[in-house]
Amino acid sequence: MSLNSIFQYFTPKDKKVFFPLFEQAANNAVVMATILVEAVNTTNPATREDLIRQIDKLENKGDEITHQLYLELGKNFITPFDREDIHQLASAIDDVADNIQGAANRMSLYRIDDFNEHIKKLSDLILQGSIELEKAIKELRDLKNKRNIADSCIRINSIENQADHIFDRAVADLFLYETDAIRLIKYKEILSSLETATDMCEDAANVMESILVKNA
Amino acid sequence: MSLNSIFQYFTPKDKKVFFPLFEQAANNAVVMATILVEAVNTTNPATREDLIRQIDKLENKGDEITHQLYLELGKNFITPFDREDIHQLASAIDDVADNIQGAANRMSLYRIDDFNEHIKKLSDLILQGSIELEKAIKELRDLKNKRNIADSCIRINSIENQADHIFDRAVADLFLYETDAIRLIKYKEILSSLETATDMCEDAANVMESILVKNA
Amino acid sequence: MSLNSIFQYFTPKDKKVFFPLFEQAANNAVVMATILVEAVNTTNPATREDLIRQIDKLENKGDEITHQLYLELGKNFITPFDREDIHQLASAIDDVADNIQGAANRMSLYRIDDFNEHIKKLSDLILQGSIELEKAIKELRDLKNKRNIADSCIRINSIENQADHIFDRAVADLFLYETDAIRLIKYKEILSSLETATDMCEDAANVMESILVKNA
């Protein structure tokens, strides 16, 4: 940072700026996950296509929120938490959204119309994880209820563990029963995006745990 | 950093050291992308193999430049930009080169000889992105023409968007028309490396935008 | 970090805390790699399954060590090396363990029973890399024998290069001789996890080289 610009960095607006953006990003992920659950449960292909287009648009919105967070990080010298933690938390929420959109996009691109229980269960776990993420993010603002944040992080870890097991079983099933290699590739990629979305919830939880430790 | 070594970190050589290395790295990516475009457009397999070997060697050269940048970052306490930005920018340029080499290497390894329009167009976008990247990097030295850097970043973002759409269409086509699963895997991996190279140009642009914000 | 918690960060326990954890993490990777080599060389499927279960448990143990390292990083303001280096070194060792477990897990999940020379050789290189990693980590504590650390890093780089070449040849062979696309996918993923484990050894070596430069 150049010396002649250092003073503008000291502004008291840090909390006013960062928390609303984090809350918007987390809420956007919850909305995307809600629509994903609808998309894998509907039996109407046209409805599904429409839902997937909504997910696409929300992912763009999420990108803009993340970009805004990075810009604010560049402009603000004083931040409510360590800069690195803010950057990693913003990235992790963005990665949740990216992987929801990636899974939905592949469902459309690969013309998938048979949604098995593994896909439905993983989508449901992404929604649960996103909801816990949003709850924890809302508590970050004042850190009065650290116990609540810690509890959400523990639940996110447990959700990710469940997703891991479902993913492993789903992939094992594919290799046992799917004889069409191209179908196998399609389903494996969709399962992989879904599972990665829960990994990214866990990444966000890890950053929040680290923030809790530093503010103990 | 240990206290007894802190003084050697304050040397005024920062600009002399970092900018030439960044310019070499960016130029190396442009040369690699130029050769890639030649390789996917030649109809002579022997010529193509020779070009791919050249890309391999340039990737090694790029690795050395990146390594040198990291070493200088370790040795210099005062840096022209935030240390994290220098690290990320060097990594992003290295990742552009890695993915160009990865795509070229797979073309050779998988004995690909049919280069469709999607592959040619993606290679062309990598070259355009690398050229914009080099232009922006050259302007970083004095930051007199911030507008030029910002414009290059905007063009890189647009190039990455175009690459995304071509990649999605190319993969959809593969799943619709390619009945040989093994050929599908080969082409999908090559397309994926090419598309990732443009993502890495965008990563570099994001770091430069963040540098601009901090020096506004 | 909040002002009212800054004082508790200044404790002289840094060396007592970080080095034993790093040594445990590196040793855990060596044990995992040793068991992996056994698993790919045994002809008894039941023995192999048992070994893979052991690798699973050790990976959990490694996760706990890494988590402990991150917690200490959050709690300690003074660290023996740059915080970023500690974080990256812990991540890299964790990634070695993750990829060993990932490869072993796939061997079990995909019911692989034919372990070719490429798989055996890559497993052996992971073991060699992990042993060099542990040697270097033990020397980090006092930095008296920097030459030894540098030598281990050079050997890790050479091991990673060998692994790259074996991986490329193994994948080329798959695409030349394997006509069953599903078997091709299975083997390619296992080879990829094994090769990535040696990449992660190299990542760890890069961090240690950077620590050496800063403490020159």
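All chains are identified by letter, namely A, B and C, in their written order; residue positions are counted from 1 within each chain.
Convention: a contact is a pair of C-beta atoms (placed from the backbone, for glycine too) under 8 Å apart; a residue touches a chain by one contact, two chains touch by 3 or more.
Keep in mind that what you see is a predicted model, and the values were worked out from it rather than measured.
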> If you fit subunit A onto subunit C using only Cα atoms, how far does it have to rotate, to the nearest 5°?
Replying inline: 120
> Counting shared numbers against all numbers at the contact of subunit B and subunit C, is it over half, same, or under half, different?
Replying inline: different
>> Nearest whole angstrom, what separates the Cα centre of subunit B from the Cα centre of subunit C?
In response: 27
>> Among all residues of subunit A, which ones touch two or more of the remaining chains?
In response: 181-182, 185
>> Looking at the complex, which residues from subunit A come into contact with subunit B?
In response: 1-2, 5, 70-71, 74-75, 105, 109-111, 181-182, 185-186
> Residues of subunit A touching subunit C in their complex?
Replying inline: 82, 168, 171-172, 175, 178-179, 181-182, 184-185, 188, 206, 210, 213-216
